[in-house]
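There are two complexes below, and they share chain A, which is joined by chain B in the first and by chain C in the second.
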Partner chain A sequence: MSREGLINAALLAGLVAIPLWAWAGDEPFTITLATRVAILALAGVGLNIALGLGGLVSLGHAAFFGIGGYAMGILASHAQAYDPIMESPILIEGTKLMPVIWIIAIVAAALAAVVIGALSLRTSGVYFIMITLAFGQMFYFFSISWPAYGGEDGLSIYLRNDFPGLNTLDPIQFFAICMVLLLLALWFNARLAQSPFGLALGAARQAPRRVETVGLSPFRLRLVAFVISGAITGLAGALFADLNRFVSPAMFSWQTSGEIIVLIILGGVGRLCGPVAGAALFITLEHFLGELSEFWHIYLGLLLLAVVLFARGGIIGLLAGRAATHD
Partner chain B sequence: MPPARIPGRRFVTIILFIEQVLNGIQFGVMLFLMAAGLTLVFGVMGLINLAHGSLYMVGAFAAAAVATATGSFLLAIAAALAAAAAAGAIVEIVVIRRLYARDHLDQVLATFALILIFSEGVRWIFGSFPLYLDIPAYLSGPVSLPGGIEYPRYRLALIGVGLSIAAGLFWLISRTRLGVRIRAGESDREMIAALGVDISRLYTVVFALGAALAGLAGALVGAIQSVQVGMGEPVLILAFVVIVIGGIGSIKGALIGSILVGLTDTLGGVLLPEVFRLFMDNSAASSTGAALASMLIYILMAVVLVWRPQGLFGGTA
Partner chain C sequence: MTDPVLATYGLTKRFGAVTACDGVNLDLRAGEIHAVIGPNGAGKTTLIQQICGTLSPDAGRIEFLGHDVTATGAQARARAGLARTFQISALAMDDTVLQNATLGALGARGGAFGMLRKALDDNNLRSVAMAALDRVGLADLATMRTAELSHGQRRQLEVAVALALAPRAFVMDEPMAGMGAEGSHRMTAFLDGLRAEAPILLVEHDMDAVFALADRLSVLVYGKIIATGTRDEIRADRAVRKAYLGEDA
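Right after this comes the complex of A and B.
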């Protein structure tokens, strides 16, 4: 196993071991922190497919995160109130079943990613960054001014949604659900990177002209990557909302987009487990620095600045050295 | 920062419409002050600066602090310009300078880090509560325009200030030595460095100029809204929309894009609910109209993107 492979294995083992240890010691708060790491890492895995594989700097992934969150909020609130979402022409009812919510969150986020991606990918570079940021902000303002689902105040769900055979309100069981989904996403990401599609996408990042010359469309490759990326981040959004039992426009905010991108950078761009390392570091910092100082964002900012200026590979880059497979 | 809307009016009268057009222009020229700096910095240095909104905030806080201490609005504005320009110059020398040769992702992240540092730093110094900046007596109250329109004197002054700064910028870029250098820097930076222009000083000056414009906008808008941490970023993102519409690097595009975005946002907020009232009941029309109006400028941006991906006045990027 390569050095990066060993680090990844240690990282994931740690992320499983810590909550198990906390479970044995009856410390539910630590399990919740680990669950947040798993969910943020999942959102990061989503963005990493666009950013790391595709080279697409999307500053608007909060849109997909929020759509996933609201998919959960809207479905669960209707199910809770026994009030169908729509009666004509067909009856659509809310649901409290997690797998159904996940599928709807994935589909809704993917649809949004098709539209945003098709528009934004007409441009590149700095335009792409500004446009994705702007579309994220559009969802933010829409969620604030649309009063049906709580508007500015957000929407509370009193009970966590159900998963057949599990008690989702038990922190360790909910953590297990999130962790399994994270592992599936990582496995999918690893397979994708090695697949013909992933190789073509990487080539489109490095040498778009050549990719065009061999008859592939960089636009189409990037759009597919962007949609997959958005869908995974949408799933993370649904889980995040379920963790908090609350959705609010804050999920759509530009800070959320910034944080997802930051945790990838802290971990290492284009590294399979970069988002996991980054999310673990982010939550750890938030927890420990947050206790030390109310103004912990200053330290986060300084750390981020230092990583960008002096340690561009992130944590995994520092530990594993240069990756063989990336430029 | 959308200007105040008048709720509860059942019909749009001509007077209300003209008022809203003026509000839209006022909003637009303030956006222009932000967008001009961003687009200059991008055009000359090729840098995307997310921390531009922080400089807007720095200007507003400096103005509020000086106004409280001295009671003078003019001193407050001067302080905003000086503080934002100084903050801009320092940031350029310490951090931004290292980013010119980096890719956009590094620029985004480093300037995002700067936002965190600026926002928390300002919160640390001034606390979390919003500050207020009062409109001076000689600019408060309404002014009568032809046609019996009463319009706030201060907002009218903002339009005047914004348009004169736009004119000044056009003059600076097209008529002065600094402007020649800026334009030369946009088209070929190696060449002007080879011709003996101190390129790193030019970059610092351009960055500080953009920062001063942002700080001025923050102070001027701070007097009609509260001055608080995080006030800069929504405006920053709107300025991005302006630049995408106008075309990167074009001051003219920034001006026209700003006015377009200002008018669309302001008029959309007033007119859309009225349009929906034609076929919906009152409260549903208000909420649907307001929700759609909040998306209108992004829809405008999407339309421009489909039609001209390089923006209205952008060259081929």
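Right after this comes the complex of A and C.
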């Protein structure tokens, strides 16, 4: 195994071991922190496919995170109130079943990504950043002004949603669900990176003219990547809302988009487990520095600056060196 | 005479006051190397960009394999069998040499399909890519990062990617630029054999290579073709000697 492979394995083992240890010691709060890490890492894995592989600096991924969150909130709130979402022309009811919620969150986020991607991928560079940001803000203001689902106050659900055969209210069991989904997403990301699609997408990032001259469309490659990316971040949003049993417009805010990017930069852009390392560091800092000072974001900012200036590959880059090329 | 593989008719492109391409008529016939020579800034790259579809002409027409492709995009022209190499290498620098060649093989296949299989485990893709690398003499460096290649090796890789496409015609913008004598000789020998597979429109500054290879030459000066003919005809042409070869010959 390569050095980066070993580091990744250690990182993931740690992310599993810590909540298990907390479970044995009956410290549910630590398990919840680890669950947050897994969910944010999942959102980051989603963005990393667009950002790391595709070179698409999206500052609007909160849109997908929020769509996932609201998909959960809307479905679950209707289900808990025994109030169908729609009666005519066909009856659509809410649901408390996680797998169904996930699928709907993924599909909804993917559809939004098709539209946002098709419009914003016509631009590049700063314009792309700005237009994705604008789309994110659009969803933010829409969610605020949508009273049916809580408006500014957001939407609470009483009980966490169900997963067949598991007690999702037990922190360690919910953590297990999130961790398994994170591992699946990482597995998918690893395969994708080495697949024909990933190869072409990476080439479109590095030398778009070359990709065009072999007859492939950089735009199409990027759009597909953007949709996959949005879908994974949408799934993370559904889990995040389920963790908190609460969804609010904050999930759509530009700060959320910023946090997802920041954790990837901290961990290592384009590195498979960059989002995991970044999310772990982010949550740790938020927890410990947040206790010391309200202004912990300033320290986070300084750290980010240091990484951008001195450690371009983030934590993973610092530990593992330059990304290995595949044989 | 058979129809040309590639032809331009009255191709014109202006950049503000500069007419970089001025009513260019040019054809590339099966089995030949047609060299386009001309001083710096003559409009050679501009001509290639229009032929390959990355720049649209202000006037004129381009035909490839008997079809009017003037309005066709670069990707579609590539899929139809037009392979281009760049004056300044355009390669995925962080990827390996083999991955770059595999991109050409993906192009030949018509799409980057597959998200879960490893591209390099696909024997078809791999053998097409390796064969192309082998032909330009880069097979031993297949697993090297492209950024670590020498300048000349990158030029070779440019050609390998084009080979992997199995095209119907090559359009090469200064494939020997900055290669050094040794590399130039090898590339010359290689292109010599390549014309039998697909004709080559060759833009090149290296006059030794050009006069060793070209079946026909066109001389481009200020966007205009001032002469087209065989090597001997071009050598004997007054206007050419005056405008261009004068300094060299």
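Just so it is clear, the second predicted complex is superposed on the first by the 325 of 327 C-alpha atoms of A that agree within 3 Å, B and C clash if a C-alpha of one lies under 4 Å from a C-alpha of the other, contacts with A are read in each partner's own complex, and residues count from 1 in each chain.
Note that contacts are C-beta pairs under 8 Å (C-beta built on N, C-alpha and C of every residue); 3 or more make two chains touch, one makes a residue touch a chain.
Because the structure is predicted, anything quoted here is derived from the model rather than measured.
A.B. asks: On chain A, do chain B and chain C fit together or clash when superposed?
C.D. replies: The answer is fit.
A.B. asks: Quick check on the superposed pair: does A:S2 touch chain B, chain C, both, or neither? Answer first, second, both or neither.
C.D. replies: The answer is neither, since A:S2 touches no partner chain.
A.B. asks: Answer with first, second, both or neither: which of chain B and chain C does A:W254 touch in the superposed model?
C.D. replies: A:W254: touches chain B, not chain C.
A.B. asks: Should A:L300 be classified as contacting the first partner (chain B), the second (chain C), both, or neither?
C.D. replies: In the superposition, A:L300 touches chain B alone.
A.B. asks: I'd like to know which partner A:L309 touches here: chain B for first, chain C for second, both or neither.
C.D. replies: first
A.B. asks: Just to be sure I read the superposition right, which of the two partners does A:G215 touch: chain B = first, chain C = second, or both, or neither?
C.D. replies: It touches chain C, and chain B stays clear.
A.B. asks: Classify the contacts of A:T284 with the two partner chains as first (chain B alone), second (chain C alone), both, or neither.
C.D. replies: It touches nothing on chain B or chain C.
A.B. asks: Touch check for A:N167: first (chain B), second (chain C), both, or neither?
C.D. replies: neither
A.B. asks: For the superposed three-chain arrangement, provide the angle chain B-chain A-chain C between C-alpha centres, rounded in steps of 10 degrees.
C.D. replies: That angle rounds to 80 degrees.
A.B. asks: Scan A:Q194 for contacts with chain B and chain C and give back first, second, both or neither.
C.D. replies: Only chain C is touched by A:Q194; chain B is not.
A.B. asks: Please name the chain, chain B or chain C, that touches the greater number of residues in chain A.
C.D. replies: Looking at chain B versus chain C, the one contacting more residues of chain A is B.
A.B. asks: On the overlay, how many Å separate the closest CA atoms of chain B and chain C?
C.D. replies: 13
A.B. asks: Return the residues of chain A at which the contacts from chain B and from chain C coincide.
C.D. replies: Touching chain B in the first complex and chain C in the second, no residue of chain A appears in both lists.
A.B. asks: Chain C touches which residues of chain A in the complex?
C.D. replies: 188, 191-192, 194-203, 206-207, 209-217, 221, 323, 325-327
A.B. asks: With touch defined as at the start, can you tell me which chain B residues reach chain A in the complex?
C.D. replies: Listed in rising order, the residues of chain B that touch chain A are 42, 48, 95, 98, 104-106, 108-110, 112-117, 119-121, 123-124, 233-234, 237, 240-241, 243-244, 248, 287, 290-291, 293-295, 298, 301-302, 305-306, 309-310, 317.
A.B. asks: Please give the residue numbers of chain C that touch chain A in the complex, ascending.
C.D. replies: Residues 52, 54, 74-76, 78-79, 83-84, 86, 90-96, 98-100, 102-104, 106-108, 110-120, 122, 125, 143, 145, 161, 165.
A.B. asks: Mind pulling up the chain A residues that touch chain B in the complex?
C.D. replies: Result: residues 51, 57, 59, 119-120, 122-123, 125-127, 129-131, 133-135, 137-138, 141-142, 144-148, 254, 258, 261-262, 265, 269, 295-298, 300-302, 304-305, 307-309, 312 of chain A touch chain B.
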